[in-house]
Amino acid sequence: MGFVTTRKVRFEHCDPAGIVFYPRYFEMLNACIEDWFEDRLGHSFGAIHVEGGHAVPTARCEVRFTAPSRIGDPLALTLRARRLGRSSLDLSIDVASGAEPRLHADFTLVHVSQSSGRAVAWPEPLRAAIIRELEEEAPHGT
Amino acid sequence: MGFVTTRKVRFEHCDPAGIVFYPRYFEMLNACIEDWFEDRLGHSFGAIHVEGGHAVPTARCEVRFTAPSRIGDPLALTLRARRLGRSSLDLSIDVASGAEPRLHADFTLVHVSQSSGRAVAWPEPLRAAIIRELEEEAPHGT
Amino acid sequence: MGFVTTRKVRFEHCDPAGIVFYPRYFEMLNACIEDWFEDRLGHSFGAIHVEGGHAVPTARCEVRFTAPSRIGDPLALTLRARRLGRSSLDLSIDVASGAEPRLHADFTLVHVSQSSGRAVAWPEPLRAAIIRELEEEAPHGT
Amino acid sequence: MGFVTTRKVRFEHCDPAGIVFYPRYFEMLNACIEDWFEDRLGHSFGAIHVEGGHAVPTARCEVRFTAPSRIGDPLALTLRARRLGRSSLDLSIDVASGAEPRLHADFTLVHVSQSSGRAVAWPEPLRAAIIRELEEEAPHGT
């Protein structure tokens, strides 16, 4: 379950200690969110920002780093939608290399107008697409 | 109180919405921590990593973004030490532009050996320097 | 002579070989150009891009790297204006640590309209400011 | 002909003018070179740097930017080996989106020892692999 993208740790991601410099993880995490919007929700960041005049800034993030990543490591990023608000969205991303977890991240995004900077409700097609993702994550109980 | 560094928001930090792309904040936050280690604790990241064979990776961070920053905004980053463990350190950084808060970040760093990847106790001079910083932050008694 | 800014090589700039990862130099070079526009020409990138609707993209750059830079190295970046065209500008930046050169960069920038993407002549006050800079660099011969 | 990798222009690559911020191109160019070393020469940057104690820093680069790239643009990067020296290598990378060229880059890399910082001859298997690439690029004459 979840939306999975893969990345390989590159030279450019690593610091003098030979491990991923953690700000580089945030670029990977953001790219994963960007891909999810385009591939699963059907709304690219280009369409939202450039044509739509909106933005989806991060209001909160919390990340726990459990093991370091080294150059050449293959990484799998698994995104799951968690909770939908009027203009907000909670999601999580787990990053692992093979069976070994590397980090767990929780994000809250907000849908805002670029001109006013104010939160605005998710437009209906985007809301419906997010709900489909949430339902896919939900436990399919008895 | 706290250790203050300043930055100006540059072109390179901003995204197509004209505001700081949040992974760039993590580079600023890391640079603030790096300056604090060198200027206030007397141990540069160069000495810790290159000569010392240790590292101080981030084990956890939580950031709340309260208002966007735009190109040209002057930013003040205020770092405060919060809690010292055997091999860990909690600290917070508040970023503001003038009177307006932009974000609040909480970090847990861990002192590790680069070769084993294991947590190792802070060496005594570094521990003593961190304690001095904690005492400066502490409320001065009754 | 020239416009000088200083930087210290940080952890974030360095790669697993312990030296500056060269794409990070381009951020430093761009920041130097941005400072020069604001401090010496009196036109900030914010004013040019956000209010003015123009941009000054790089049309060409050529960089020769003569020695590596390591964490903690103090760097001085010296920018000199070289040649002014109707809508273009050639400039060079020398980066050194103390007496040791680290790189020499030549840039050609172009002043364009953001909406059309086309080159447009430098506006008069900006042109006059660039000419003052060029005259300062010129050899004051007999 | 040449070694082709593809990239999509992302939010993280773009500046407030909505186009790729050129230092981000250098990360793409470097990743293309890194992939070529691993996929075509059979020597990963991880093996060269971490196990081998060598590095392949850039001694010179020259880039001509012919058209801007915008968010969502698909990019193809085509790398061609050009000239092999005892410890150096010239290569070029063309970046295009569909039929439209975006930039042309020429690089000179040098194979050095990390400990001494000095140029050292390419080891035989790497030299042989580069020669195979050069022959593939060569015009197959009469």
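Letters A, B, C and D mark the chains in the order given here, with residues in each chain numbered from 1 onward.
One rule holds for everything that comes next: contacts are C-beta pairs under 8 Å (C-beta built on N, C-alpha and C of every residue); 3 or more make two chains touch, one makes a residue touch a chain.
Here is each chain with its UniProt name: A, B, C, D = 4-hydroxybenzoyl-CoA thioesterase.
Quantities reported herein were computed from a predicted structural model and do not represent experimental measurements.
Listed here as common contacts of chain B and chain C: A, D.
Chain pairs A-D and B-D differ in how many C-beta pairs are in contact, and the one with more is A-D. Same-residue interface: chain A and chain C share over half of the residue numbers found at their contact.
Computed centre separation for the pair chain A/chain B is 24 angstrom, with centres defined by C-alpha atoms. Taking each chain's centre as the mean of its C-alpha atoms, chain B lies 35 Å from chain D. Put simply, the C-alpha centre of chain A and that of chain D have 29 angstrom between them.
Shown for chain D are the residues in touch with two or more other chains, namely 11-12, 16, 18, 21, 23, 27, 30, 49-50, 71. Residues of chain D touching chain C in their complex: 16-19, 21-24, 26-27, 30, 49-50, 55, 57-65, 68, 114, 117. Within the complex, the chain A residues that touch chain C are 11-12, 14-16, 18, 21, 23, 71.
Residue ranges on chain B touching chain C, taken from their complex, read 10-12, 18, 27, 30-31, 34, 44-46, 49-50, 70-72.
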